Every structure is written in structure tokens, then in C-alpha cells.
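One chain, chain A, appears in both complexes that follow, with chain B as partner in the first and chain C in the second.
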Partner chain A sequence: MGEKTTTAESQIWAVSVKGLTREYTTRNFFGGVTRTTWALSGIDFQIANGELFGLIGPNGAGKTTTIKILTTLLTPTGGDALILGLNVRKDLYEIRRRIGIVFGGERGLYNRVTAVDNLRYFSDLYGVDPKVAKERIPKLLEIVGLAGREKERVEKYSRGMKQRLHIAKALVHDPELIFLDEPTIGLDPAGARDIRNMVRDLKAQGKTILLTTHYMFEAEELCQRVGVISKGKIVALDTPSELKNMVRDISVIDLRTYGATMDYVEALRAIPDVVRVVADLESEQQSIRIQTPMGADLLPKVVASLPAGAKIIDRTIKEPTLEDAYLRLVEE
Partner chain B sequence: MKSTEDGRGVLSAGSRLQMAYRVFMGAFFFGRKGLIIWDSWEMWVMQIFITPIAQMGFFAFLSVYLKYPLSVTQFIVIGNAIQSMSFSAVFAVANITSQDKWQGTLPSTMVTPANRAALFIGRAWFQVLLSSLIAGAGLLYAATIFGVSFAQADFLGVAVVVFLTSIAMTTFGLLISAVGLYMRTALIVANIFLFVTMLLCGIDFAVSRLPIWLQPLSWAIPLTYGTEAVRMAIAGASIPALLPMLGWEALDAVLVMLAGFGLFSGFELLSRRTGRFEEY
Partner chain C sequence: MVSMQDLPRGKRVDGYVSQKVQVLRASIFLTRKLFFADPQWVIPNIIAPFIFTLVAFFLFQGETSGSSFLLYLVLGSGLMGMWGTTIYASANSIGFDRWNGTMEATLAAPIPLSWIALGRVLFNTLQGVLNAVFILVIGLAWFRVGFGLVNPGAFFLASVATFLSLSSFGLLMTTILLLSRKGGFITNSMEIPVYIATGTMFPVILLPIVYLPFAFMLAPTWGIEAIRIAALPGYVGLPTTYWQDMVIMVAETLAYLGLAFFLFKRVEAYAKRNGTLEEY
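Let's look at the complex of A and B:
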């Protein structure tokens, strides 16, 4: 440890990360280094007790690596991280007792057994008193909306139900600090909304939460502060509204089109006042997001670039969101 | 919970021990349901009643085909009755950690504060009971189908040998299971081990028939002691007479268990360094 952390500091910060680094080295048969990849390049951030902190970034940016290190699943190759005042390199046992983790996706549950069996097993692994577990498990099942389905094998559950069970599993030992690693990934809108409501409730109970997500509106809606991570570095860290202020010089034109192609997107990008264009061309109706300082004045050029046979079904001019700030940050 | 903690929220040794007991019991009951993939009544019936007869029948008829004397065939039958527990004690147990990996439950498990020794041993303990039943069924077939005489047998001795051998073989399963923490699968190692026991443990022929340089390896595997001891017990040896053999087998099992746990702990450390918990 380079620096001693005082008790007062650990009372303020539930998580304190300083210069955290993780490199992966690939070696050949003879032990020689063939490649070194930097998953984290010296990141710094703190999370206050009771705070709901978001970590956002593109795939491979380092979000999950950060969570793995903070939850003691991976050792850092440099820097320090304190969890509730405890060192992630040395105080593994104490940290594990006091944190909970929710992994995104369907994996991570015992599918051949029931929800109750899963929760009982993890209660045992966390050393929860059986009497306490007996009272707590039905309450948790009620909270996550699985009461009445708790005796079914998990393999019969929908993705949303599994994700709710993941949350119950993370809470079975009543942790102070909860890591949520993309908890709404792959869920339908209703399922994702349920999970977000649960996250809000946890925050209201005073839990400290670190949430990673791909969905900007989710981070904006839930998090008090957000760290943007890109290529293993924190490129911005502030409240969602302050992050949005970074892009207040632009407006956003949202288009819903029919028949638009990549050529149209390229044509839009070629317009001088267009800052950025993000398009989803996969569906029958395409969505295209244009960032520009011109606002509605850009629309004639947008329409003029439209190829023959394509049409604009709907257009909206909006204030920039966290997603616009995020796009600027990760692309710079 | 607070009363068990000191001012810094650190648990006392007694509380840790109590938690380790809970982990052991939880892992014991859950291991069968959550981690042994063939956990169903049909599979149990097949394991307990069909596995031993299939294996014993194959080797007994091979012996008959080769025109071995009846005493040799019965020697082979007893050896295979005991060895038939290996599928449950070694193969199934070796698969436990790999199962955790395949189901994606290994990170969730390793992020808990669970006492690793209690977790490591507890999850396999049910297989000790199952393995004893399999070998018991095998010996029943030996008596009823293959004509092995139990007239002189010390039944308590037979039971003790079977139970101890089940424990000892399960420790080998655990040793191989530890490999699954780091490697993508431990099943190849388990397969190799099953064939090695057929060759080295006095199942189909006496250890003394092996090349001298191979014999020490035979006596490093607890099944060799178990096979020898069960033949002695069927022939009438009482528990005091079996004690030296059982003592060596128990010592062997403890050493294998310690080696397995050492490997498990070492691989846990290595997996944390290399980030391999989720590779499957």
C-alpha cells in the first residue's frame, strides 16, 4: 500500500480506488511474453457510503475488470483499492462477508435446483445463521417477486426471473455494498424496469451500490454520479447533469426512417455542421441520431441528403442526454 | 452477529469455525442436488445396481473365456466390485468444480467468504455414501451371482473397508476436481485415473504381478489397500487383523486430501491472478 487510509476516510468512502491497474500478459511455451494487454490503466475514483455510483463504458472498456478486482475475484497488477476500508489484496475474507454481487446474464445460478435451494446454499456459504436465513429468504423472494414460484427449478425461469433471483442471492447476507454488473442486460422493458425499481429500493435502504450498465438512460435515471470508462481509463466522472453540460453546445435530432442505408448515414456525416451520427440500421425502421450545434436549422440538409425511395417517418429535436455526452467522451 | 465480532467487525475464531460447519453442511446437502449432474432416482438406480454388474460381468466372462480357474475369476469379481465405486467417488467428484465453471457459478461461489476446506470436502461427501452403496451392491452380486463365498466373512470388517475406501477414493476425486478450478475440465484426468486404478490397484491381478518399479505407485493409491483389505475381510480377517492395511489406506487418503486441498488453494490463487474463474 502506498498510502495509509485513515478511519475517517474509510467512514466516508465505501470504495476508494487509486491508480488501479490490470494488465494481462500472454506468454509462449518458453515463458516469453508475447503480448501485454492493459485492461485498466491506473483508474481513480471513490464511492461514498450510501451512494449509487454508475460506471459506464463500451464493451471491453474495463467495467467488468474493475468489478472483478473490487469483489476480490481478480488481483490488480498495480494501484490500490479499498472496500469499506479493507484492502482488496489482503482482506479478502472480510471484504467478501460485507459485499454482494449481481452478475448480468443468465449464468451464475444453479439451474437444476429451486430458487429456495439456491438461496439456502448461498446463505450457508455466507455463514448466515439458519434461523436468520429462514426468515430472510421468504422476504427476499417476496421483494424480488418470486414468491409462489420459489419451489420451481431455476431452469424453468424466464431471463427476468433469473435476474431477480440473482438480486435476491446477492442480498442473502444483507451486504453493505452491492456490485451490480449490467443487471438489466438482455431483459425486456418490463423486466428491466422491475430491476431498476429494486435498485432504487436498495438505495433507499442505505446500501452503497456500484452499477455498471450499457444503457445511458439507466445510469441517468438511477445514479448520483457516473464514471465514464474507456480503454481502461476513467475519462469523466461527475453527476449525470454535469456530464450532460459537457454537450450543452449541441442539439440532437432523432430520426425514424424507412429505407435508409449506410450511404445515407455517411452523407449525413459529411454535412459540415454535423458533430456525430449514430445509427441503428438493423430493423425495418431505422433510428438515426444526429448531434449538431445547428438544431432545427440542419433539417433541410438532412432531408435533402435522403436517397430516393427512403423517407423520414418521424423526427424529434431534443436536448442532449447523457448518451450524447458519453458518445463524445468515449470517441475523443 | 455483532457479539461475535471485535471492534473492527472481524469474526472470532469460534464464529469462523461455526461458519465453516455451516458451509460443510450446506455443501454436503447441496452438492448432490446442484453439482452432481446425474442426480436423479433413475441415475442412482443405474449407478448403484447396474454399473457394478456390468463391470463385474465383463471381467468375469473375460476370465471364463480365458479359462482361468474359478478362484481367479472370483478374485477378479471382488476387485471389480470395489473398483466399480470409482465412477461415483472419482469421476463424479472430479467433475464438481468443472460443473461450477460450466454453470457460471464458480465466480459466485469464490466471491463468498466460505471456508474453502469445508466447501471443498463438504460438496463431495454425499458421494462417499453413494460409492459405499455401489461397492455394497457389487459385493452382493459377487455372493449371489458369481458364487463368491461369504461364509467366513467378517461383515463388520467388510463394511468398514468399503466405507473407508469410499472416503479414500473420494479424496482422489477431490484432488482431480481441484484441477478443474484452473483447467477447462478435469474429466480427462479423471478418465486416465480410472484406467490407472484398473491397472495398478490389484483389481484383475495381484499387484505382485506388476513390474517391480510400478508397484510403489500401486501402494500410493488407496484403492490398492481397499481391494486387498476387502479380500482379506471376505476370507475372514477381523478388524484388528485389517488395521495395518486400513491404517495405510487412511494415511494415504489424508495425504491425498491435503494434496488436493493444497492444489485447490493454489489454483484459486492462480485463477485470481490470471482471471481464469470464468473460462470453461
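Let's look at the complex of A and C:
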């Protein structure tokens, strides 16, 4: 990589990030600094034109901060970022006209008016020719599956419909580059699948996409390359299959249990050859994921540690997924 | 089935003026839709004016009808209603987006925030003007005051100019609200002093001398003077003439606009530095 960014470079890279940092300071009532947080401590990555790039990481890792900086909503503390060859510190409006942003969650729509009203409004803010918008909006609504409901107030929409409207809103001005910040968060499985299908369609149309998520299967299913971000640093960046290679030495035992507690999880962790145990003990049936180089040979010990009254309902031995690589990366 | 490829595309609207006009229009239309979508609009626009006039009626029942004092009173109620909505207008311009969760989406648009806010304020102020007209109409009907304006043309001109100066004041207030965490407190505590200072209730000339500099700095003070000169026979107010009032008002309005647009740059810079303007 050269020191200076040339035009040729910007023709390849839709996004080019170098040494990006961001610090947040929290101030008290009198203006004194009470706390400083380094949300990003020097990240580098590039996204090629037409690429679908994923940024994955736990809560608080710095995904939203990165997206806000790249979409010109937040000034970086240090480092540089070029979007379509334009500087995020200087070329605000030109960048904004050429990118689309989808933030996850309920916010960002005018709930008291209709979907069409929302899309018209944002079309106008983005300088879309009203004649074009008039034809484009009904088609967009059809693509996102809201045709027929477009005259209803958005407040009557389900969570999934609102999220699809968010996508339509990000597309009103035909952006080249689209940022999606955890677009499937809080959606039911069918709703999340709809969104993923739309993301795939966008990719097929040649759009460049930056997607953040903390669902690993989502990144694995959609993204060509994935950056793993943890505590404000990119700890790995590769294709999902290369990242999985990092954990090819282990296999995964997935258990579904009844009556298992934290004690059982601790007992499993104490078994030699167990690399990592991740458990969800919240529901009536628990799911426990054990990473081990032993594979099925570990099963007798797994069964032997089971406390009285607990039962294993189901068990499967699996190849490691991106999730397993991710768990290793964000723990280190 | 429509595919993304079939989506119509076209050239952007990118003329300096046409862009702003498009945004202003969009902002006014959306504000109007949001306004009528909430049935509460009936309260400030239909119910409050009735109450205003009713109170005035009982207070001044004994007055001889048709006197210019009553016309003065009705006009004052209308102007007060207009001021009230201006303050409401500024609080409800971009402040609305703040609690509606649309601040981020608004800030992300490739257009200065000031133009979006101006659209919001213009609609809300216009609604205040309609509200004032309504007070005027019911008030006049109630008191059976003949609406004998001294100079209808000048009255109309002064009213339009006052509307614009109220809007620019509202825009300036919007920036102050956005830059201050205690925005709500500021608007609430300003309401009464502003009513008094601009002479909606009684002529500015009757104010204690210390208030006068403040009153003179408020552009609508001059507008209200001009409106009264054009409306009320034999009105004695400030020693300025109608046209002097108008010129001072226009100058102050332009100063407000300049300051508001400058402060909006500060608001945007603040938002970028902190990553948000949303209230949590």
C-alpha cells in the first residue's frame, strides 16, 4: 500500500480506511471531562467496488462508530477515510448524495404519516427529481414488499415492515454504496431472512455494501470478506472460509439439555481438551456449545459430568463455523 | 415482480436555488402532514382562540361596543396567539426530530439543516397566523366591532412582513434550543416577557424604560407597531412612522436570519463532534 491515495486506488476501493481513531469524552454538568473512551483505536481496511463486506463484533466493539464516521455523521479523532475517493472530513454532501444508510432499530421514520410520505420526503432531501421519484417510489415499495400497504401510517407497521421501509428509504436516491448497521436486529427469523435476501439482491445489482452484525451466520451467509472488530481494533480480516480455517483444528459439540445450570457449564470447562464452552441457559431447554479438538471422543466425559436430574435431549457434532473463529478472536 | 434494475433513475436536482426550494417545500409538506395527523391541533387552533376571546369578553363586558379599544384588544389577542405559536414552532421544528428519533436521518441528508428547519418553522408560524386570523374573526363577531381598518393594504403588508419576521425569530430560537440542553426551560420562561416586550398586550411605549432595548431588538415589536398604525384609527404608539417600523423590522429580520444560519453551522459541527443530537 502506498502512502498517498491515488485516483487509481479510489477506482478500486469504494471505502479506504487508514489508522482511524475515535475518542468519546463524557462531560459533567460543569463541562469537566469525566471519562474518555477510545471507541476506535486505529483501524484499517478497504472495501472493493461491488464488494459485500461485513464488520462483526460484540456490543460496544465500535461498529456503529465506524459507520457513523464513514457516513460523515461523526468526525474521526485521527486517521483518514476515503469514501468513493472522497474525504469524510471535507466532502460531506458529495459523499452523502452517493451513499445510503440503514440503521437498525425502530428510529428514523416518521410514524404518524404513510410510507409514501416518508419516501417522498427523503427523496426531496436527497435532491431526487420529483418526476423520477414519482415512478421510483411505488417500484421501491414493491421491491421491499410494502405495495398495498403504502397508504397506511407507519405506526401500524410491524417491526419487519418498518425495517423494509428503512431499506427503501436508503435507496430512494440510488446510492452506489450502502451501509447497513445491524439491519436484522430485533427481527423475527422470517423478517431477518427477507432483509438478507434484499441485501443479496443489492449485491447482485453491483452495489458496494458494508454490513455490520453480531450474528455470525449472517456474515458467513452474505459477506465476501469479514473484519472482526473487538474493543476498537480489527483483530482479523479475511474471507469467512479463511477465518474458519483458524479453528479447523477443533470440532463443535452442540447440546440441547434440560435442567442444566451454570455448574454444569463450569464442570464442562474443567474437562481437559475442552477449548471453550458457550451456553445459553435462559430458556427451559438450554443450548450448550463445546469446542474441542477431540470431537465425538469427548462425549463420554460430557455425559458423565451431567448432574442428577439434568438430561441431554439432543447432541450433534459439527464442523466449526465462523462463530467459533469469532469466539476465539474476540476473546484473545 | 419488479427488480432493482427496473428502478427509474434520473439526474439529481442540483441547482443551488432549486435544491433549497425542493427541501423547503418537502419540509413544509411533511410538517403539515405531521400536524394534521395529530388531532391535538384542535386545541391551539380552535379551542384556545375561543377561550382567549371569551376571557377578554367577560373582562371588558361593560365597554361600549365598537370602540377602538375593543379592536385593540382583539388585535392583541390575535398577535399574542401568533407569538405563542412562533415559540411552539421553534420548539417543534427540528426539536421534533430530536424526540421522534429522526434527527440522525435528517442530519445525514446532503443539505444544510437550516433549510429543513426553516420549512418546519414557516409552516408552524403560518399556522399561528391562521390562528390569529381566527381569533380576530370570532373576536370581531363577538364584540360586534366593525372591522374598519385605517389602511387595509398597509395592514396586509405589515402582517405578511411580521409573519416572516416571526418565522426568522423562530428559526433563531430553534438553534438556541438545539445548542442548549435546557431548551424547554428557555422557551417557557421567554413566553411572557416576549408577549409583553413586543407589545401584544399593551403598547411598547408603556413599558418600563429598562425593557425598551429588549423590545427594540425584537423585530416583531416593529411589525406589531406597523400593524396597529395600519389598523387602529388615531393610534398613538412609538414616535416612529409606519415605514420606519417596516424598515427596522426588515433589517432586524435579516440579522436574525444571518445569525440563525450561522448558528446552524455550529449545531451541525456540534452534532458531528458528538455523533448525535438525539436526546436520550
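The working rule: the second predicted complex is superposed on the first by the 320 of 332 C-alpha atoms of A that agree within 3 Å, B and C clash if a C-alpha of one lies under 4 Å from a C-alpha of the other, contacts with A are read in each partner's own complex, and residues count from 1 in each chain.
Criterion: a contact is a pair of C-beta atoms (placed from the backbone, for glycine too) under 8 Å apart; a residue touches a chain by one contact, two chains touch by 3 or more.
Source: prediction; values computed, not measured.
Applying the stated clash criterion after superposition on chain A shows that chain B and chain C collide.
Looking at the shared chain after the overlay, A:202 reaches chain C, while chain B stays out of its contact range.
Using the contact criterion defined above for the overlaid structures, shared-chain residue A:238 touches neither chain B nor chain C, since it reaches no partner. Once chain A of one complex is fitted onto chain A of the other, the partner contacts of A:71 extend to both chain B and chain C. Of the two partner chains placed by superposition, chain B and chain C are both touched by A:127.
Touch criterion not met for A:44: it reaches neither chain B nor chain C. Of the two partner chains, neither chain B nor chain C is touched by A:221. By the touch criterion defined above, A:109 reaches both chain B and chain C.
When both complexes are overlaid on chain A, the residue A:117 reaches chain B and chain C alike. Between chain B and chain C, the partner in contact with more residues of chain A is C. Note: residues 24, 65, 68, 71-75, 92-94, 96-97, 101, 103, 107-113, 117, 120-122, 124-130, 169 of chain A belong to the chain B contact set and to the chain C contact set alike, using the contact criterion stated above. Remark: chain A residues 24, 65, 68, 71-75, 92-94, 96-97, 101, 103, 106-113, 117, 120-122, 124-132, 135-136, 139-140, 142-143, 153, 169, 171, 173-174, 201-202, 205 touch chain C in the complex. Remark: chain B residues 1, 9-11, 18-19, 22-23, 25-27, 30, 33-35, 37, 39, 103-105, 107-114, 119, 272-273, 275, 277 touch chain A in the complex. Of all residues in chain C, those touching chain A in their complex are 1-14, 19, 22-23, 25-27, 29-30, 33-34, 37-38, 100-102, 104-111, 116, 271-275. Remark: chain A residues 24, 65, 68, 71-75, 92-94, 96-99, 101, 103, 105, 107-113, 117-118, 120-130, 169 touch chain B in the complex.
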